[in-house]
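Each in structure tokens, the structures are laid out below.
Across the two complexes that follow, subunit A remains constant while its partner is subunit B and subsequently subunit C.
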Partner chain A sequence: MSPDPETASVLPDPATGRVLPDPATDRAGHGAEGDGVKRAAPAARPPRRPSDGLGRAIARMAAWRAAFAAPLLLAVTAGMFALAKASPFDPVRQYLGDRAVVTDPAVAERIRANWGLDRPVLEQYATWLGNLLRGDLGESRSLHLPVGQVIAERLPWTLLATSAAIVLMLAGSLVAGTVAARRRGSWLDRFITGGALANEAAPVFWLGLLAISVFSVRLGWLPAGGLTDAASATVELGDLAAHMVLPVTVLAVSQSSWLVLYVRESVSGVLREDFVTGARARGLRERTVLVRHALRSALLPFLTLLGARVPELVTGAILVETVFSWPGVASASVQAALAVDFPLLAALTLLGTLAVVGGNLLADIAYTIADPRVRTLGVG
Partner chain B sequence: MRLARRLAALFVTSGLLAGACSAPSAGPAAPAGGTFVIGLGSEFDTLSPVMGYAPDGGSLIYEGLMSREPDLSLTPAVAAAPPTVSADGLTVTFTLRDGVRFHDGRPLTGADVEYTYEAVLDGDNDSPIRGDYAAIETVDAPDPRTVVFTLAHPYAPLAQRATLGIVPSGDPLTGDRPVGSGPYRFVSRTPGDKIVLEANRDYRAGPPALSRLVLAFAEDDNVRATRMSAGEFDAVILPPKAAARFEGRPDVTVHEVPSADYRGIMFPLGRPVTGDRTVRRALGLAVDRQAMVDVVLAGAGTPAFGPVSPDTAWHNPAVTGVPDGDPEAARRLLQEDGWIPGEDGVRAKDGVRAAFTLMYPAGDSLRKELALAVASDAKAIGVDVRLAGLDWDAIEPRMSTDALIMGYGSPYDPDYVTYELFHSSYARRGFFNPGGYDDPEADRLLETGRRSADPAVRRRAYLDFQKIVHDEEVWTYLVFLKHVYVIRGRYEGVRPGVEAHEHATGGLFRDIHTWKPAA
Partner chain C sequence: MTAAAPPPPPTPPSPSSDPVSAASPPSAKAPPSRPRRNPRSASRRPVRAAAAALAVLGLAVLLVPPLAQLDQQLVELRSAGLPPSLEHPLGTDQVGRDVLLRSVYGLRVSFLVGLVAALASMVIGGLVGLVAGSLGGTPDRLLMRLVDGFTSVPHLLLGIFIVALFSPSPAAVVVSVGVTHWTTAARIVRSEVLSLRARPFVEAAISGGAGRGRVVRRHLLPHLAPHLLLATVLMVPHAVWHETALSFLGLGLPPHLASLGNMINDGQRSLLAGDWWSSLVPGLFILVPTLALGVLAQHWRDRLTPRLRSELFQ
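Coming up: the complex of A and B.
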């Protein structure tokens, strides 16, 4: 089987591939860490060292993305407003909840007027946008709290769970993918590949419910949901960790299929490259060849892929937080959508879009740091 | 390996950042064994009384001017005595108890009461309960221990409305860090998860025996039942079917508490079939309420024949019927009035088929099952009831043309909601009186009940009113629900009383501060 075209196009050709373990990359890395290194030996270096362009390349990329993000955010929030307006649910009735049927119609109308819901949708949007530019996100109607406060209370929990899931996902799929590539065609490879494909087909919420049913209900090993035990008043580390295991694992597993398959494909492609054959011919240990040569080259496209997975991660987080009653922003967005809570929904949509744009930017920056050719060739 | 290390650093840093942001706010540590965990089905929208948190009392954090005993009688709480009402019924004066303090030490004065009620009445605050206090024109605190309510019209239930929790003057209305004067003080809240309260040691009636309460939220009924079984909860509110597994277990007590929370059929009175009194009365005779209680409610309910709970003092004993229905009498009634069965078994009169649509909110499985039972009972007497499970937004515009399974009911005062549901001034206004009931005599009785200060006059008015509504079969009432609580262990001081529809905040737990573990 030949390496698939996408892998081949990103991977170095054998000649440049050998450059990677070269000290040049290491110098570039140090340069990125501080100007001190650069100033230590200014005259000894040629002016067009790859690292000189690093800061500039990143800055240029960030500027481009920011310029791109502004109209994108505008379009996304406008779309959100249009959709919310088209929703058949009446926000005032959702706000009143059970009391909707015992509330004087005049009171309901007053609330509607206070929120400006009787205004044209464009005017509502303009008002919201104006407040946003002044830093006022408004007040969540369903939670009766300022939107900024809702996000501040919940965002840390989402960041905690998703960053733990990313780490787990990275580590797990690197190991599984490399093992599968190394033993290509073995029963272990088939197990990993088959498992990844089956996992890709399984919806996240189903996976979550399955995990609850097996590990919480059947075996009783782990709590089924929440942040801490019901009886505890404070957040203690051990308690929190026990509650994190299931949601984090489910989120990581649900997002890892693509990565496992990609790493496997990528590593097995690199393993056939001349520089790997050369390394083996020089008598290097198989482990060194695999980890230091093959995996290292295979990692680059992996970074791009990771950035592209951020939207899926956001969606996954929404489902996982809902299934496991995790009090993060993602589960709040479900509540906000169900309650037609415009201010909260708009802010969370904004946040989700920012996460995707920021995730892509981070991936590209990491790529720039990792691969000197990206900045020297000016791929930004 | 530098690349890998750099990547690792990237992610570890982001993880640490997240960890640093989420450092938990430290609260006082839980005393060993002193925590009582209550499993509730829905999270409170807010913890501010102004924004609609527990206006009928039972909030535990707050106290109102008055509070309610299990037998529904009112006792002074923040007020020193029941209010004095002026001769014209337009001025109601409360004197406050001396030495009441909020949890943060501030004294509770008339200014706080004034602030609370004015915040509710201010249209800019979007308070969902504002309509309930519409009779109040102004609230004044001439001195720290006196509060004077000036009313737009005489309003007998004002003392009942005075159970609204008092918030400190000037506090924000978000209910974010709630401060009240009740038996429990707020400790922490994890949105979507739980609220932690601890005993207020300085409570005016002495510190509660249960020193720490956790109100944990779990929406799914089965999840709540499972967590109760697993010992995670000490008490839980459950629907009757989910509570069945706890019956007969020695370590728990199952309390079935009567409520004034009814379900019934609202008829659009301007339509040919549902506007015909004979058809309505036949339907009221035909439905087998006892079967609904036994099957749909798993026994946790009682048949309903009118809007006032038989467990309250306002109930008219003459408003009653046959619990398991009398389809034979229903058929006779229809036959005598000229509703003759057609070929398809459905009766008709003057070319009009005895058929109508009965709507129910699609997400409410209880109302759906009741609607199904009604349709099958109606079929047996030759009335064709077509069902439509719809969303509330689809139901609202159709309420004046199609019948609807509705639920209301409050045990506190017969004026509550009943006035709006049956008074002609509210005819076809939103969810109030959507059927368009308009009867001058009923209007007069409702007004008398609302305005009179004499309990005997009020009682007479409501007794007569119930009789009219029953004779006219304006609604067909089906069942009163019972609320089911499961409590682990034995406690003294658990005093069930008739409950309202809204019972998560109060209900059986409304006086949990007086509970003591049984020896």
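Coming up: the complex of A and C.
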């Protein structure tokens, strides 16, 4: 008297009198609707729902971030302006330098009026902020160029060096961390872990000087700094690549400690999980188990961590660009600071803040794409 | 060292941190390494070495400067730029000052500035965290937004901005580091206060009629003190790092002070002429104590939280 399997699910369950949910009827749109059996609900969703939700989740996140970033950037500008006003340095005097002693006070007053420094502080701030919003970043007082032009000329070099460093850092630390996790407890693991700890303690500029001392001075393999040879008038690819090796490697190495340790912990944790044991039991190659199973699931949380590391990356870029005389925006901020060049320094500080906010947003987006759970749980 | 392999340093929870990554810290399921090895003997050696290194450096910093206060400033051009020798174990710099002696002196200057800066950031952060955690509600939310805001500006960039606008001086460096680094302490203290407030003894004190001031002084601060102390100890090397970086860029301490950053900055110029000692040796005086302190902190953390250790060494 066993019921036909085809019709069993639509018959009322003898115990409860309810219709048992069935995936086939759920998809048709009427299965668990009226009877309150909630557990069938996920199966009832139309199949194209995830990508739909993804776009919306990303848009919501971007809007949330922008809503946070706007007051933040405004606060940063206000803070910078207040600091500049509290500064004991007189910008006009700073601008004139040695000439300040011999300059006619009337001329100095004219410069002051030109820059609007004789107006009330709030009015100065409003003017500066208004110009900023219209895209006019002002004029660099030390380089005698529009700030926008300085950034446009230097930003590509910074982006080139940092993105190369990020790629190198990711590749290197994934390999090193996985090797250390795979051979946990071996001398190789001890070497990698110890090296990462020592590297964490070493200041990046010291690392840069060490690299120059070894590879440029002692061995003479690579140039010690700059973008191209001093003699060459144009930027040539081979020359540029040779000049990039040291700064990019030093920046990558200096940023990689935490990542190596993180990958090591994460992978060795995942290697104990059942699905890895299962993959091994199925006779998969060790490399497949490591790369496809262990590394993949160990890496998820690390996307967010990577986004949160942008401030350290900016810090590293400032020091590395200075050590290697790399003509990027980060080293320009040091030059601007040494010359007390407020318009340039303020613009670059804002740029750094933007980079951090952007990095967080990118990390969130990457995470939303990578992990479907975030979409349903929601972020923010 | 291997068995006591540290989990990656805890990154401060960014505003973007989500429940999934927070729920699965990699260290929570760190596996036992080789079961046969005795983890204690393996993990002791680096701890002893670290303690010894710190002790030697501490003694040197305490004892050497008063004896050789003048020597480290003494310019002697006849012995300028000498490589390491018996008379000058780590060489001399471009104006003939002994690098070893000056490094020890520089370590003292950098350490003092770093210590004051770390204390300053702890005081700011502790106050903010205490106020946010014990008031709750709107003040808490506002203060935490402030913390988020400060962590969104790269520390060194903000630090550079602050020191650039004021003349190079120890005070500017202290302000610059203190203003940029209080956020960690604020987060630690706030979360600690939040968890303490829910404990029975605090509730009992409040229902017993204790005022806010008494609860903070008598019940919260004693529990917060160890956390703040550890955070300060760990902040000092970071503050020293910042001082060194700012001085290296020429923005930190005034050039005549023998800080480690100033020495590296000075030595950098003669690096291309083959003089590696006058810039790289002072760097070692940053690296070694920072590394030693890191190893010791890891050791203490293992001892203070046996749960983590037992999971590591089952």
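Some points to look at:
Note that in this section the second predicted complex is superposed on the first by the 320 of 380 C-alpha atoms of A that agree within 3 Å, B and C clash if a C-alpha of one lies under 4 Å from a C-alpha of the other, contacts with A are read in each partner's own complex, and residues count from 1 in each chain.
Operating definition for what follows: a residue touches a chain if its C-beta (ideal position, glycine included) is under 8 Å from a C-beta of that chain, and two chains touch if they have at least 3 such contacts.
This one's a predicted model, so the numbers in the text were calculated from it and none came from an experiment.
On the superposed subunit A, the positions of subunit B and subunit C stay apart, so the two partners fit side by side. Within the superposed three-chain model, A:P88 lies in touch with subunit B and with subunit C [touch as defined at top]. Of the two partner chains, subunit B is the only one that A:V102 touches; subunit C does not reach it. Applying the stated contact rule after C-alpha superposition, one finds that A:P327 touches subunit B and leaves subunit C untouched. In the superposition on chain A, A:L299 makes contact with subunit B only, not with subunit C. In the superposition on chain A, A:A198 makes contact with subunit C only, not with subunit B.
Of the two partner chains, subunit B is the only one touched by A:L145; subunit C is not. Within the superposed three-chain model, A:V217 lies in touch with subunit B and with subunit C [touch as defined at top]. In the superposition on chain A, A:R285 makes contact with neither subunit B nor subunit C. In the superposition on chain A, contact of A:I166 is made with subunit B only, not with subunit C. Taking all C-alpha atoms of subunit B against all those of subunit C in the superposed arrangement, the shortest distance found is 5 Å.
Residues 88-89, 217, 224 of subunit A are contacted both by subunit B in one complex and by subunit C in the other. Only residues 25-26, 29, 88-90, 93, 95-108, 110-111, 114-115, 142-146, 149-150, 153-157, 159-160, 163-164, 166-167, 170, 217, 224, 226-236, 291-292, 296, 299, 303, 325, 327, 331-332, 335, 362, 366, 369-370 of subunit A touch subunit B when the two sit together in their complex. Note for the complex: subunit B touches subunit A at residues 1-4, 6-7, 10-12, 14-15, 17-19, 21-22, 24, 26-30, 35, 37, 39, 45-46, 48, 51-52, 123-124, 126, 128-132, 134, 173-176, 187-188, 190-194, 196, 212, 214, 216, 218, 223, 226-227, 232-233, 391-394, 406, 408, 417, 420, 429-432, 501-502.
The part of subunit A that touches subunit C in the complex is made up of residues 68, 72, 75-76, 80, 83-84, 86-89, 184-185, 189-190, 193-194, 197-198, 200-203, 205-206, 209-210, 212-213, 216-218, 224, 258, 261-262, 264-266, 268-269, 271-272, 298, 300-301, 304-305, 307-311, 314-315, 318-319, 322-323, 333-334, 336-338, 340, 342, 345-346, 348-349, 352-353, 355-357, 360, 363-364, 367, 371, 373-374, 377, 379. Of all residues in subunit C, only 1-3, 5-9, 11-12, 14-21, 24, 26-31, 33-34, 37, 148-149, 151-158, 160-167, 237, 241, 244-245, 248-251, 264, 268, 271-272, 274, 276, 279-280, 283, 286-288, 290-291, 294-295 touch subunit A in the complex they form.
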